[in-house]
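Below, each structure is written out as structure tokens.
Next come two complexes, and both contain subunit A; in the first it sits with subunit B, in the second with subunit C.
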Partner chain A sequence: MSVLQLDNVSKSFGNSAILRNVHLRIEPGERHAIIGPNGAGKSTLFHLISGRQQVSAGRILFKGEAIHTLPPHEIARRGLARSFQVSSLFAQLSVFENLRCALLWPLGYGYSFWHLLSREKALNARTESLLDELGLWQRRDVPAGELAYAEQRALELGLAIASSAELILLDEPVAGMNATEARQALALIRRVTAGKTLVVVEHDMTVVFDIADRISVLVQGELIASDTPAAIRRNARVQEAYLGVPVPAGGQHA
Partner chain B sequence: MRALVLWAGFALVLMVLPLIFDSVLGVSILNQMAIAIVFALSYNLLLGQGGMLSFGHAVYFGLGGFLAVHAMLLTETQTLAIPLVLIPLAGGLCGLCAALFIGSFSTGRAGTVFAMISLGVGELLAASSLILVSFFGGESGVSADRTFAPPFFGVDFSQDVQVYFLAAAWLFVSVLGMYLFTRTPAGRLANAVRDNPERARFLGYSAGRVRFISFAVAGFFAGIAGGLFAVNYEILTAGNLNAASSGQVLLMAYIGGLGVFIGPILGAVLLTLINSLLNHYTTLWMLYLGLVFVLTVMFLPRGLTGLLMLHRVPWQQGRLGLLVRPYTLTAIPGAVLVLSLIGLLELSQRETGPFVYLGIPFAPGSAVSWLALLAVAVIAFVALRRTLPGLRAAWAEASAQSPRSMHEGDAP
Partner chain C sequence: MADALIFATLNGLVTGMLLFMLASGVTLIFSMMGVLNFAHASFYMLGAYFAFAISQQIGFWPALLLAPMLVGVLGALVERYGLRQVHKSGQVAELVFTFGLAFLIEEAVQLFWGRATQDFRSPAALDFALFTLFGQDFPAWKGVMLCISVSIFIGLYFVLTRTRTGIIIQAAITHPQAVANLGHNVPRLFMVVFGAGSALAGLAGVIAGPVLTTFPGMASVLGSIVFVIVVIGGLGSLTGALVASLLIGLLQSWAIASGLGMADLLALLGVSFPPDHALRDLWRLTLPQVAPLLPYLLLVLILIFRPSGLFGKRES
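And now, the complex of A and B:
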């Protein structure tokens, strides 16, 4: 059974169709990249899967169950985590508190008002090891709103991977990072998503061909191919629609 | 360990205060402060901690208070003997129930929607308090006599000092309870939802549910404050749950500072003092309160505690000394300016007769009085403009450090 299955998914805002009849299957353990030019609808696709926006037509199954009618928090609880293209953090909370909030539901705290956070050793230890992995140890007490850009991206990634969800959606996780930061972030992504299913939107082709074992190409709201990297390279439609035009270097995309 | 010492210190201060301020007025003000602190802290669970701007928090205070008076009346009519020390708890439970009901439909959205619902509910209740006479007692309110309650280890609560110790005990428990709440998952998530409700959803949390929990806890402690009010004054009227009371608690929390836990405590202490002392001297005290609020919003968005916190960096770096001289130099013309402006305001609302202000007689009809105050104000203003740049420069110097921490260094 596929981890994620999109059947005939469409999305329109008013009269403009943003996504048209998208079919997509993602198998357990897959590293799946979604590529496509700016405005193709990649982020919108993530918004639909994660429940941030409602599908206009079609259905989305996660582990065989329909999720396209559920609110975001219930989708998240089933084991689907995501990051945002534009960092979405808890600005006044420290880096440490941001990460700890991301661990609360997965570790079973629910809405508890009978646990004292400072006493929860396992929770705090996991938060600290996450801090360490993300390279944010030194910045643990800084409010997230005051971090530098690359640090915000690292924290954004941290919030998505903290829960060790089965399916992780990352929307341009290394965009805007310099080469060294991007390499570190990718190594981290690879490490923490081992054994999980990963779907990543990415612009940098070297990154995509390096990390993905399947690639889907989205052009103007249509999924024109979904295949192995080698097959995607050879695909005539893809070459014409996307790879033929000069691919922007990772980092310029807003 | 350090926390334990702090809490023990807090308890000690509470016990010593009535020995220092042992006059009738002193004890009466201490009681008011205890009530105001619990109320203001409960309000901050909404605004500062949870990002919910409520214009109707007095509803839970008032309902808790009214229920507490009725509970005291039950004892008075010998229907049920409730010990007086438990009356605030009855108020708290009433506040909690009201908050559970109203929160169930008002906390789904924050922002304008929440604020408008809180205002509407407040108005609704203020209006019905004049209609439902059996519970709210109409214009005259409901009153009870606390001394009918069974004595508590020989204490009959006939004196205000005895009430103070009851209030102080509940104050201690409430402050501790609210502080601990902010350190639980639900309390921390309230901060997260305040900052970014959308992201909290993708971490598995319903933003509405998180707000609802904070709202219920805030209602509970507001009800306790109302119960303490009932014990202290033995009367509640419609004025206790109207928009003016809701506005008062907003002022306390905001002026004290929303960002730090103890901010509203400072605000409650200060505003209680202003309320109970200033209104002996001037009829304009509401105007001054409004001015203080406007100035706080404009110049100290993080309130008085925010201003104090700004001094942390200079203090850590041992450069606080740099600020003493510029502060003094600015404070003198600043104080003169404020005092002369107050003089002008007071003068403007006297109709006849001499008016003695700071030991100097002024006459509302005399041009000399007006011109003298105006001249002093202008001179002080000019002097202030000349000393302010020095203060700014001193600030920059005192709080300069590695560029990473520059965020602490904004001049006030």
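And now, the complex of A and C:
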């Protein structure tokens, strides 16, 4: 059974169609990259999967169950995590608090106004080990907004993996990084997502061919190919629609 | 002079902390949900009226507890069955909704209790002077008001920084959607925060009702000041709301107590006018007379020189 299955998914805002009849299957343990030029609908696709936006037509199954009608928190609770392209850290909270916030629900802490966070031993121990894993140990008490760019992205990754989700969606995890930072970030991503299913939206082709074992190409709202990296390289439609067009170096996705 | 200053400061603190109980709710709800709640002061008024009604039946002290709870539940229902539905239609619709709600509550209050001022009094047991300084009494009830509002402030601070829900609320202030993706039930969080904000406004109404009089216009009197505070402090900033509340409270109170007039100011400059001068009304203006204008004057100055407010983040 596929971890993630999109059947005939379409999304339109008013009269403009953003996504048209997208079919996509992602198998357990796969590292799947979604590529496509600006405005192809990659971010929208993530928003639909994570429940932030509603599909206009079609259905999305996670581990065989329909999730396209669920609110975002229900989807997250089933084991589907995502990071955001636009930095969505809680800037005024410390690194430690950011991670604690991400761990509360997965570790089964309910909402309460009277439980003191400082006394939740299991929560704090797990937060510490996550800090360690991300290499942010020394930045523990720094407000997230004051971190260096690469550190912010590492923390974002940390928020996404905190829940031990089976499926992790990462939106341009190395965008805006220099080569060294990107290499380190990729190593971190590989390490913390080992044994999980990973879906990445990415602009940087070297990153895509480096990390992915399957690639889907989205052009103007249509999925024109979904195959192995080697096959994608040879695919005439992809070459014409996407790879033929020079990719602007370090270009930011709009 | 010293006695006037001390009393003006105390009164300013009482007013300031009272304003904070409303401003904190407005600013928290705005930064989380993106809704500028025009009906917030109406919940304050409901608090006073509910407490008045309850106190006539079973006494003041139960009312102090029950009325805010009732207002809080009402606020939560408004969020759940009103705002959440309207939210789909966008921010303007939400704004119009809260605006309409404010009118609705005002009309409803008039329907049930009439236009007249209600005889809502603080408990007789507290009708004594807490202390007497320079021959002037400081009423015990004002001391209670100050105690309650300061405890609320401390409690709010504690809950937001130290508890499970508090930390999620803090996170949701900046990125509610990201919080949802971490598995947190954000709609429910919104309902709880809206309800708690309304309850705080209600509590402010209960303790202010006996002092500032309980009448159908009390919401609009305080409502506009609360918005001034939220803008001066910086939309979305709790610290800003606290500082601005105290600032406005003290400013007004000092202005009223000072008794300075335009004539005194002009006398300092060595200018004087004959008492039958054509513009004599202008020369006779006193600071106590213009005190109600001061918050708005400050608002205009802030909007000119620091549009994001004292503690607001700059729009990027």
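Assume the second predicted complex is superposed on the first by the 243 of 254 C-alpha atoms of A that agree within 3 Å, B and C clash if a C-alpha of one lies under 4 Å from a C-alpha of the other, contacts with A are read in each partner's own complex, and residues count from 1 in each chain.
Convention: contacts are C-beta pairs under 8 Å (C-beta built on N, C-alpha and C of every residue); 3 or more make two chains touch, one makes a residue touch a chain.
Keep in mind it's a predicted model, so treat the numbers as computed, not measured.
Asks: Quick one: on subunit A, after the overlay, do subunit B and subunit C clash, or do they fit? Just give me the call.
Replies: clash
Asks: Using the touch definition from the top, say if A:Leu117 reaches subunit B (first), subunit C (second), both or neither.
Replies: both
Asks: Quick check for you: in the superposed arrangement, does A:Glu146 touch first (subunit B), second (subunit C), both or neither?
Replies: The answer is first: A:Glu146 touches subunit B but not subunit C.
Asks: Answer with first, second, both or neither: which of subunit B and subunit C does A:Leu93 touch in the superposed model?
Replies: In the superposition, A:Leu93 contacts both subunit B and subunit C.
Asks: Of the candidate stretches 164-172, 272-280, 326-334 or 398-406, which in subunit B collides with subunit C after aligning the structures?
Replies: 272-280
Asks: Show which residues of subunit A both subunit B and subunit C reach, each in its own complex.
Replies: Touching subunit B in the first complex and subunit C in the second, residues 50, 52, 71-73, 76-77, 81-82, 84, 88-93, 97-98, 100-102, 104-106, 109-118, 159, 163 of subunit A appear in both lists.
Asks: Which residues of subunit B touch subunit A in their complex?
Replies: These residues of subunit B touch subunit A: 180-181, 183-189, 191-192, 194-196, 198-206, 209-210, 213, 217, 259, 407.
Asks: Could you list, by residue number, the parts of subunit C that touch subunit A in their complex?
Replies: 159, 162-168, 170-171, 173-175, 177-189, 192
Asks: Given the complex with subunit C, which residues does subunit A contribute to the contact?
Replies: Touch list, subunit A to subunit C: 50-52, 71-73, 76-77, 81-82, 84, 88-93, 97-98, 100-102, 104-106, 109-118, 120, 159, 162-163.
Asks: Could you pull out which subunit A residues touch subunit B in their complex?
Replies: Counting only subunit A, the residues touching subunit B are 50, 52, 71-73, 76-77, 81-82, 84, 88-93, 97-98, 100-102, 104-106, 109-118, 146, 159, 163.
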